[in-house]
Every structure is written in structure tokens, then in C-alpha cells.
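For reference, the structures are reproduced in the following blocks.
Next come two complexes, and both contain subunit A; in the first it sits with subunit B, in the second with subunit C.
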Partner chain A sequence: MEWETVIGLEVHAQLKTRSKIFSVSPTAYGAAPNTQANVVDAAFPGVLPVLNAEVVRMAARFGLAIGATVHKRSVFARKNYFYPDLPKGYQISQYEHPIVERGRLVITTPAGEKTIGITRAHLEEDAGKSLHEDMDGFTGIDLNRAGTPLLEIVSEPDMRSAAEAVAYLKTLHTLVRYLDICDGNMQEGSFRCDANVSVRPLGEARFGTRAELKNINSFRFVERAIDYEVRRQIALLSSGGQVRQETRLYDSARDETRSMRSKEEANDYRYFPDPDLPSLVLTEAFLAEVRDAMPELPDAKRARFSAQYGLSAYDAGVLTASRELAQYYEDVLAAAGGEPKLAANWVTGELAARLNEDGLDIVDSRVKAPALAGLLRRIADGTVSGKAAKDVFEAMWAGEGDADAVIAARGLRQISDDSAIEEVVRQVIAANPKQLAQYRAGEEKVFTFFVGQTMKASRGKANPAKVNEILKRLLAP
Partner chain B sequence: MTLTITKIAEDLAAGRCSSRELVDDALARIKTHAALNAFITLDEDAARRDAQAADRARRAGGAGILAGVPIAHKDIFCTAGVKTTCASRMLAEFVPPYDATVVRKMKAAGCVMVGKTNMDEFAMGSSNETSHFGPVRNPWDHKRVPGGSSGGSAAAVAARLVPAATGTDTGGSIRQPAALCGITGLKPSYGRVSRYGLIAFASSLDQAGPMAATAEDCAHLLAAMAGFDERDATSLDAPVPDYAAELGKDLKGLRIGVVAEHFAKGVEPKVAEVVREALREYERQGARLVDVSLPNSAHAVPCYYVLAPAEASSNLARYDGVRYGYRAPEYQDLEDMYKKTRSQGFGSEVKRRIMVGTYALSAGYYDAYYVKALKLRRLIADDFARAFEQCDILAGPVSPSTAFALGAKNTDPVSMYLNDIFTIPVNLAGLPALSLPAGFADGLPVGLQLIGRYLDEACLLNAAHRFQQATDWHARVPAGI
Partner chain C sequence: MTYGLAALDAKDIEKVAHLARLGLSGPEREAYAQDLSRILDLVSHMNAVATDGVVPMTHPDAAGLRLRGDKVEQEIDRDQLMAVAPQARDGLYLVPRVIE
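Let's look at the complex of A and B:
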């Protein structure tokens, strides 16, 4: 039998605010336990939540970016359950009335573009963490994360393969960073994903019973966990078994999913509107303000890069993969005064390779945009050859100064003076009579030998275009 | 002897007494009347120190009317460094690291806190018998209850241990004990006073307010307590009137709505008669009585006993033994720790309400109970809105009876709950209401309830003040006081 996979994703994006969603405590990652939790976060008797206006702005920005309805009125509800790292005994979330509903995201797969529906996105607070190491048999509680703002983004079950799920996640990941609402750091848990996975016989209209996969915190694990789970469900169904509705945990070390709790064991969360928080009411003016401040989105930027700079779809895609990279590219163009293709080649080539090698982010590049532009200007005006430029770049990366300084210090200025090149070419021809004879006998591939010899003799500084031109003239019988 | 804040302020200003003397006197009286069990915690050293500071500040000039006045806070308000128990074993040793906004504001106004008053556990009760620290006794008859849940505050003011105290009112917890103890108590409009630092019982109903001998004193206290608080999203961002300055307007033409349902069966005839006589006094002052009806008020008690426990079941989830408060000494695992901690830490009435509330919010029951109760709440509020088209304030008894005997109702929750039949609808509608002494029935105080339009505390305070200028019920004190 042929099977079809059905996937829906729930993403928790940590919103990039300085303070928590309902308290003034800072949200910075990695502080000593409980140093970023105040009486509100620790749910002391008598404390009350007060909504951070910035999270509302961010949720609205997201809603508008995915073409969703941003509700003028939404409601915070309490999700009640007991757990030691949940200080109030309930999580403040949005349930019946989320702030964002009915959006969509277009993803690109090898098969083409596909639109994935986004059911809803709602605001909620994160819980704390339980600590089991170095606790002498006890469990410790760290409330630094308690109250960190999250936007939970729930997709429709529109994805049909792990690859589509990953494409959706990556598109969403790019979007939230473009919107500057989430740092997207998956290691630190700023962008977390749960996957609802089911299979059904191809052609069947009804959905199969789904399992919810948790703890899949990298793009690679998402793909692996879904693939494992699909295989498990197909094997189960093929052998006459049934899929149980349950929550399963992905174990990346063993590359498998394991049952965590069944539907029967699930909590009755007793949701009800939080009486401490009035309904969240947005005005038209507020939404207009958010709309006006909307940054250019990835799709629009990609299209503009293609059209405005004449870039290939591939280059435009790479350069707009993050807002920072696109910004860097445009900063280079601005400083270089043009040369969009040359700049694209350098940013996606040398620079990307060097960043990757050193594990650096574009914002931490050792060669800033104006400096790279300085080098590109020297390539464009013929001061350095493309080959020498790579050496200049390496020197710049090593901190030896700007392009002009490196070129001067290392004597890499390209020789474009015809008579000087002609002098070198004459010497090369004179030194290689055998090859000259071969060339004149019609072995044209010997030409590259002469180019190489000439470049070598000029220590790479001869302008290759001129070398070609002069060689052709002087080699001619 | 009725020592009002107004009188104390005059004496202090004239140098006839010092704040230190007042505080020493209050502490001595609290000890003399220890049998009332009105206090859970005294903060003697700090009170004396603060009183001396208030005296020094007064000499430096610029002191407000509340500067140096001894007061008590209900033990539901968090006080930095001073035990705040909510009359529960769960918080019997809990010392908050911060002051409730009400506490902070009253401190800023110069009030000197002498201690924390007894109450029903987590404010759940109408007789002060659910306190982990034992019941409070009614100063008018020690065999009777003072009402609840702010019973300690009411008894302390009635016995003139302190001139004023704070209370909280979720379904009548300021007004009913004020009535049963013969003092004046005001429940402000929902949102008028910050709830920050007030240990939550039912968040959509809880409201803090003043309890004192007179409406004039309540006016001064409310002005100090009220106002927007950025720490409470449900507090109202509206200016606070100078309530005391608005006292004294005559009542000619004031339309007083007499609620038919508040004089129906179940009200002790002698209580009804005292209230009617009070209404005649209003007529003598030129007010006009208008018959009004609140047809849905019969549903108020069941509606309240779904909503308040539902909110409470969630609000009290934080008492889990993990971070502060009581934790069972022995347990097997996490779940056992939760169960034992909460079984041992909460009293039976609190547990009853947590169970009821949890049930009402459960899947499959939510619509039948919680959602339906919310609809009723709207109908009840609409009743008030209609009544206020015909009148300016509403009047009736606070409670169907006078103070009942200790132990008389604490085995029958429903009969206990019916004590609040006239006060509960007001909380459901978020309106302000005031209880003032209207007379006596068989030697026990009877309270008159005045209910106002949203945010119209000034009208209630003025109406009560005018009544108190023509009567002396508020000045009567129990024998031996």
C-alpha cells in the first residue's frame, strides 16, 4: 500500500523582548539560576501579571507578515496544571481568542512553491526549568526562563513530507528573524518545534491518528524524527496495529521517538479567562503603526534583488536568507558604488566561505561591508587581479588593514601598463622556443602555458586581460 | 469614647497627644482585649519607631490627616518583613519580601501599622471561624461571630483598638463584618483600589477598602488607598476625588432605591425594621424613596459560588510547597508532596471551595457551570444598571441577620453562604457599596447597605456621613470598651 504523510507543526518562538511578558525581569539567556526571577515570576502571594506592550507589537507584526487576521480583541487564559517549574500552578496563554488567526506561509520545495496555512499564533509565557544535576538527589528549580514571552505558531496539517516540514520551518525561521521578533537560536531554545505526525493510505480523505513529537530542536532532528515516526506508524499499520494518540519524545542520540504520555493521561487544563488581565484590545491606529514599521519581507526582498541587481534566483535567495546578510550586501553596494554581480560573487563566495570556516555570523565578519567594497573597487578599476584580490582579502581578514594598504604593503598592484607587460611577454616567449613552435604549429592549448608563465614572471601582478591580448599579438606567426 | 481619625488629627495637630502615645495606647488595648483574637501578628517595635518618625515629621510640618494614625491591616495584605498568613497554616510562617500597594500608599500617607488582623482563611468565610488562628469574637457579645472574612479588622475597630483598619471584600467581607460589629466599611468599585499585594481569593471580585468608625474617616482612608497602579492591570486609570471635601452636601432630591428583594423572606423582621427606620431618617433629610427590583439577585449566590471558587481553585494552585509556605514534612514523591502539603496546609472550607471550583472548570462541566455563571453575572449587573435609571443609590440591609452565635452555622455551608445574599450581587456587578451602623436589634448592631453607581463612592460616603451627623449609632461602643 502507498502511504501519505500528514504533518502539522507547532513552533514556539521566543520573542526578543528585554523584559518578560508579564514582569519587568530581564530575559537574557544564561544567567545564574534564579537571578532573573522576581516575585512576580516566582508567583509570590499577591503578585499580579502586567502585559509587556512590546510582545503585542511583535505578535501583530508577525500576524500582518503572514497575511493573517490580527484580532482587535484577544483574551489571556489560564492553563492549569501542577509542575514544580510552573510557579503559579497555571500558565498564562491564549486559548479561545488568540491574537493571530488564519495566516499563510509560502515555502519553496524541489517540486515548486507550496502554501502552508497557519491556523493561529498566540502569546503565552514560558515555564522555568527543573535542574537535576549537582542537586544531591533533589530537583532544583530555575525560574530565569519563567515568564519569557513566547509566540506559539500553529500550522495547518498541510505538509506531506519531512522535507516540506523542514522547508516550512526554515521559511518561518527566516521570517521571524526578518521581523526582528525572535533571535532564532535553536540551541538556546529560542525557536522550538513540536510536530504532529500521522499517515494515511494515499487517497484516503480522513486523517490518521496522530502522534505529537516533542524535543526536536534542530532542522536536522525535525527531519529525522518525522522520518522515524512515519516509518514506525507505517510499520504499525501495515502489521495490523493501530497508532495511539500520544505525545512522543524524540531521542536524538538513539534517533528514535518514545512514548511520553497517552491521550488518556493528558491533563484537563481547565482553561478559563485570566481575571487578572483585561481583554487585549488593539486599536486601528496601533495596527497602522505596526504596518508602517513593517520591514521588507524575505520574498519581497528576494524579488527586488533579482530585479534591481540582475542577480540569479539562486544568488538572490542566498543573499536574502537573513536580513543581516542582505543588509551587508546592500551596504557593500552602497560603498562600492555599484558592481552588484561582483559583490554577489564575493559575498556568497570568499566571504561566506571564510565566515563558515571561522564559525562567524555575518554581523561579526572581520571584513566589514565598507572594507569589502574598497577591495571590490580595486578589482573593478583593475588595480588588482581577481587572483591577487583573494590574497588581499585574506590579509584584510587577518587584520592587515584596508584593501589599499594591503595592496601597497604587499606590492600586489596589477601591472596594466602595456609596455611593461609586453616586456615580460617577450622574455617568456624567448625563453620557451619549443612551446612557441608547438603553438605556431596549431597546438592552441599551449596558449594557457604562456599565460601561466607570464603571470608567474609578473608574480601574478600582470593584468590577465592585457596579458591575453599581448600574448595573442606576439605569438602570432 | 469614639476616637475618630478626624479627632485624632486635630489632637495631633494641637499637640494634645503624640503618635507614639496613640500607638502605645493601641498596643495596650489590643492586649487588654486579647480575648477578641482580633490580631494574628503585632509589629510593636516597628509601630513605635514609625510613630516617633511620624511625630518628628509632624513637627517638621506638612503632615497629612492620616500622619501618625495607628491602623491595622487585614492579614491578607503583604507587608515587607512582617508575617502575612492569610489566616492559613499554608502561610503561617510566610514573610513577604514586598509591601502591597495599599500598604505602601497608606505608609506614604503616614499611617502607622500596629499589626495584622485575623480573618477567615484566604478570606473564605462569613464568620471568621475558618481562621487557622482561631475565631474572632464579636466585641458586642463574645459568644457571637464578628462576621467575615474581615472579622479581625471589624472587631478591632468596633472595640476601638485602632481607629481604622483595612479589609477586603469579595462577596461582602468588608460590609458584613462591619454590619455585625457596628462600624462603617466601604467596598470600593472594582478597579478603584490596587489589588497588588492583596493575596488573591477571586481576582475578578476582590477589592480592598477601609473600615472605620465613621464615613468621614473612610473618606480619608479611601483617598489614601485608591488610584491607578501600574502593577495591577485591572486597576482603573482615573483620578481619585477628594472624598472628604465632597462630604456635607445635603440630600434633598436624592433618590434612594429600596430593593424589594432585600426585604423579602429570610430577613429577620427586627433587622428589616431597623433598616426601614434608617430609611425614614433619609426621608426626613429630603431624600426620596423609590421602589426598585433586582429580579436576578436570587441567582447571585449560586453564581458567586461557581465563579469565586473557580478563580480560587486556580489562584491557590501556587501553594504547592515548592517555593515558600508550608510543605508536608514527609512524602514519597512529587505528587505525594503536593497532596500532603495541600491536604495539611489548607483548612476544610478552603479545600471545599478548591474542589467546587476545580469541578466547575473541568472539561464537560465548564459550559454548564462557569460559562452559565458568567451569563448570570451579566444579568445581575444589568439589573443594577436598570435600577440606577430610577435612583441615585440603593439601600437595604447588609445582612439578613445580626451576629449569630459562634458555631451556629459552620457545619452548614449553604446557610453560611446565605449571609452574603445582599452583598454578593454588588461584587458581581463591580459596584461600590458601604455598610454603616443603622441601629440595634436585641442589643446587636444592624448595618444599612448603600450601593452606588460605578465609581460613585463620593455619593455613598456623603449619604452615610449625613446620616451619621443626624444619628449616633456609629458612636455607640460595646460594654466594657
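Let's look at the complex of A and C:
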């Protein structure tokens, strides 16, 4: 039987605020335990939550960016459950009335573009962390993360393969960083994903029973976890079994998913509107302000890069993969005074390779945009050959100075002076009478021999275009 | 007079007690069943009111929520907060071991 995979994703994006969603504690990652949890985060009696305005602005920005309805009235609700890292005994979330509903995201797949529906996005607070290791039979609780603002983004079950799920996640990941609402750091848990996965016979209209996969903290693991889960469900159904609706944990070390709770109790969170927090009301003026401040979004930037700079769809896609990279590229263009294609080749080629090798982000590049522009100007005006330019770039990366300094110090200036090249060419021809005879007898292959010899004799500094031109003239009978 | 809500049975009480993490004895369960049923009965009076087309009001709040600016105020004295915890060590609150 042929099976169809159905995937819906829930992403928790940590909003990039300085303070927490309902308290004035800092949100910075990695502080000593419980040094960033105040009386509100630790749920001391009598405290009250006060909503952070920036969180609202960020959620609205996201909603507008995905073409969703940003509700003028939304309601915070209590989601009740007991766990020690949730000291209030409830999580403040949004339930019946989320701030954002009905948006969409266009993803690019090998089969073309596909629109994925986004059911809703709601605001909520994160819980603390439980530490079970080395606690002498206790569990240690660190509440630093408690109250960190999250935007939970829930997709429609619109994805049909693990690859589509990854494409959606990457598109969403790029978007939240463009919007500057989330740093996207998956290792630190700023962008977390749960996947609802089910399979059904191809052509069947009803959905199969789904499993929820948790604990997936990289794009690669998303793909692997879903692939594993799909294989497990198909094997189960093919052998007459049934999929149980349950939560499963992905174990990346073993590359498998495991049932998290043997006896899954139906969740009963007893949501109700939080009496501490009146409805969140947004004005038209506020939404207009958010709309006006909207940065250029990835799709628009990609289209503009293609049109304005004449780049291929591929190059435009690579260069707009992050806002920072796109900014770097445009900074190079501004400083170089043009050369969009040359700049694209260098940024996606040498520079990207070097960043990758050294594990650096574009903002930490050892060669800054104006410096790279300086090198590109020397390539464009013929001062250095493309080949020599790579050596110059390496030297710049190693901190040996700007392009002009390196070119001068290493004597890499290209020889473009006709008479100087002609002199070298004459010497090469004179030293190789046999090859000259062959060429004149019609063996045109020998031409490349002369090019090689000339470049060698000039120690790679002769302008190749000129070498070709002069050789053709002087070799002619 | 009741308005159609069934009284809570032992099973309901057991479930609610479990959700609230309350361990109730047999007689306590009995007492809670009666008390809670009476509370529901009181609430069920509202069923007699025609509410079709009435937008639910979650809060009596015409003005809506007041927001604060995204400002950090470091007002945390960990030792002072931990002084009231039953158990704490190395900056962590300690609780009986929890394993999912």
C-alpha cells in the first residue's frame, strides 16, 4: 500500500526581549541558577503579572508578516498542571482568544512553491528547568527561564514529508530573525519544535492517529525524527497494529522515537481566563505603527536582489538567507560602487567557505564589507587577477592588512601593460621553436602550452586576457 | 431547585481530586461530592438565562490590559528568596525527585 505522511508543526520561538513577559527579571541566557528569577517568576504569594509591551509588538509584527489576523482583543488564560518547575501551578498562555490567527508561509520545495497554513500564534510564558543529575535523590529547580516570553506558532497539518517540514521550519526560522523577534538559537532552546506526525493510505481523506514528537533541537533531527516515526507508523499499520495517540521523545543518539509516558492520561489543563490579566486590547493606531516599522521581508528582498542586481534565483536566495548576510552584501556593493555579480560570487564563494571553515557568523567575519569591497575594486580594475585575488583574500583574512597593502607587500600586481607582456611572450616563443612549428602547422592545442608558459614566466602576474590577445597576434604565421 | 446539572459522582470527585493532587479519604470524598454538587447547582441557575448572542465577558475591563515597557530591574536577592524555601542547595530549589 502507498502511504501519505501528514505533518503539523508547533514552534516555540523565544521572543528577544530584555525582560520577561510578566516580570522585570532579565531573560539573558546562561546566568547562575535562580539569579534571574524574582518574586513573580518564583510565584510568591500576592504578586501580579504585568505584561511586557514589547512582547505584544513582536507578536503583532509576526502576525502581520504572515498575513494573519492580529486580533484587537485577545485573552490570557491559565493552563493548569503541576510540575515543580512551574511554581504557580499554571502556565499563563492564550487559549480561546490568541493574538494571531490564520496566517500562511510560502515554502520552496523541489516541486515548487507551497503555501503552509498557520493556524494561530499565541503568547505564553516558559517554565523553569528541572535538573535531575547529581542531586542525591532530589530534583533541582532553576527558575531563570521561568517567565521567558514565547510565541507558540501552530501550523496546519499541511506538510507531506519530512523535507517539507524542514523547509517550513527553515523559512520560519529565517522570518523570525528578519523580524528581529527571536535570535533563532536552537542549541539554547530559543527556537524549539514539536512535530505532529501521522500517516494514512494515499487517497484517504481522514487523518490517521498522530503522535507528537518532542525534544527536537536541530533541523537535521527534525528530518530524522519524522522519517523514523513515519517508518514506525507504517510498519505498525501494515502489520495490523494501531498507532496510539501519544507523546514521543526523539533520542538523537539512538536515532529513534520513544513513548514518553506509558499510560498517557488525557490532558486536562482546565483552561480558564486569567483573572489577573484583563483582555489585551490593541488599537488601530498601534497596528499601523507596527505595519510601518515592518522590515523588508525575505521574499521581497530575494525578489529585489534578483531584479536590482541581476542575480540568479539561487544567488539571491543564498544572499538573503539571513538579514545580516544580505546587509553585508549590500554594504560591499555600496563600498565597491557596483559589481553586483562579482560581489555575489565572492560573498557566496570564498567568503562563505572561509566563514564556514572557521565556524564564524557573517557579523564576525574577519574581512569586513568595506575591506572586501576594496579587493573587488582591484579585481574589477585589473590590478590583480582573479587567481591572485584569492591569495590577497587569504592574507586579508589572516590580518595582513587591506587589499592594496597586501598586493603591494606581496608583489601581486597584475601586469596589464601591453609592451611588458609582449616582451615576455616574445621570450617564450623564442625559447620554444618546436611548439611554434607545431602551432603554425595547425596544431591549435599547443596554444594553451604558450599561455601556460607565459603565465609561468610572468609568475602569474600577466593579465590573462591580454596574454591571449598578444599570443594570438605573435604566434600567427 | 436544580437546573439540569447532574450531581457529581464518586468518579468525578476522584478525577478532580487527582487533578488538584488531593488525597481524599472515603468520607471526605462523600462530603466533597455533596459540596461541589451544591456549588454547581448554584452556578447552574445561569442556565435559565437566555444568553444567545451575548459575547462572553472574561473580565469587566473596558480599558483592557495595562502594559509596561521592556525594562529590566535587577531586584533579585537569591539568598533572600531561598531562605523561605523548604530546601535549597547550590542556588537551586530542591524538590522530591521528579521523573517523567
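The working rule: the second predicted complex is superposed on the first by the 471 of 477 C-alpha atoms of A that agree within 3 Å, B and C clash if a C-alpha of one lies under 4 Å from a C-alpha of the other, contacts with A are read in each partner's own complex, and residues count from 1 in each chain.
Keep this in mind: a residue touches a chain if its C-beta (ideal position, glycine included) is under 8 Å from a C-beta of that chain, and two chains touch if they have at least 3 such contacts.
Bear in mind the structure is a predicted one, so any value in this text is a computation, not a measurement.
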Q) For subunit A, which side has the bigger count of touched residues, subunit B or subunit C? A) C
Q) Regarding the shared-chain residue A:130, is it in contact with subunit B (first), subunit C (second), both, or neither? A) second
Q: With the two complexes superposed on chain A, say which partner A:84 touches: subunit B (first), subunit C (second), both, or neither.
A: both
Q: Using the superposition on chain A described above, determine whether A:270 touches subunit B (first), subunit C (second), both, or neither.
A: both
Q. Should A:141 be classified as contacting the first partner (subunit B), the second (subunit C), both, or neither?
A. both
Q: For A:46, select first, second, both or neither according to whether it touches subunit B, subunit C, the two together, or no partner.
A: first
Q. So, does A:455 touch the first partner subunit B, the second partner subunit C, both, or neither?
A. neither
Q) Which partner does A:278 contact after superposing on A: first (subunit B), second (subunit C), both, neither? A) both
Q.
With the touch criterion stated at the top, can you tell me which subunit A residues are shared between the subunit B interface and the subunit C interface?
A. 39, 42, 44, 50-51, 80, 82, 84, 139, 141, 268, 270, 275, 277-278
(Q) Could you list, by residue number, the parts of subunit B that touch subunit A in their complex? (A) 77-78, 84, 86, 91, 94, 96-98, 100, 195-200, 202-204, 230-234, 310-311, 313-314, 316-318, 320, 322-324, 334, 338, 358, 361-363, 366, 370
Q.
Which residues of subunit A touch subunit C once you look at their complex with the stated criterion?
A. 17-19, 24-26, 32-39, 42, 44, 50-56, 73, 75, 80, 82-84, 130-132, 135, 137-143, 260-261, 268, 270, 273, 275, 277-281
Q: Write out the stretch or stretches of subunit C touching subunit A in their complex.
A: 15, 19, 21, 58-59, 61, 63-76, 78, 81-82, 87, 89-100
Q | Parts of subunit A lying in touch with subunit B, wherever the complex brings them together | A | 39, 42-51, 78, 80, 82, 84, 87-90, 139, 141, 268, 270-272, 275-278
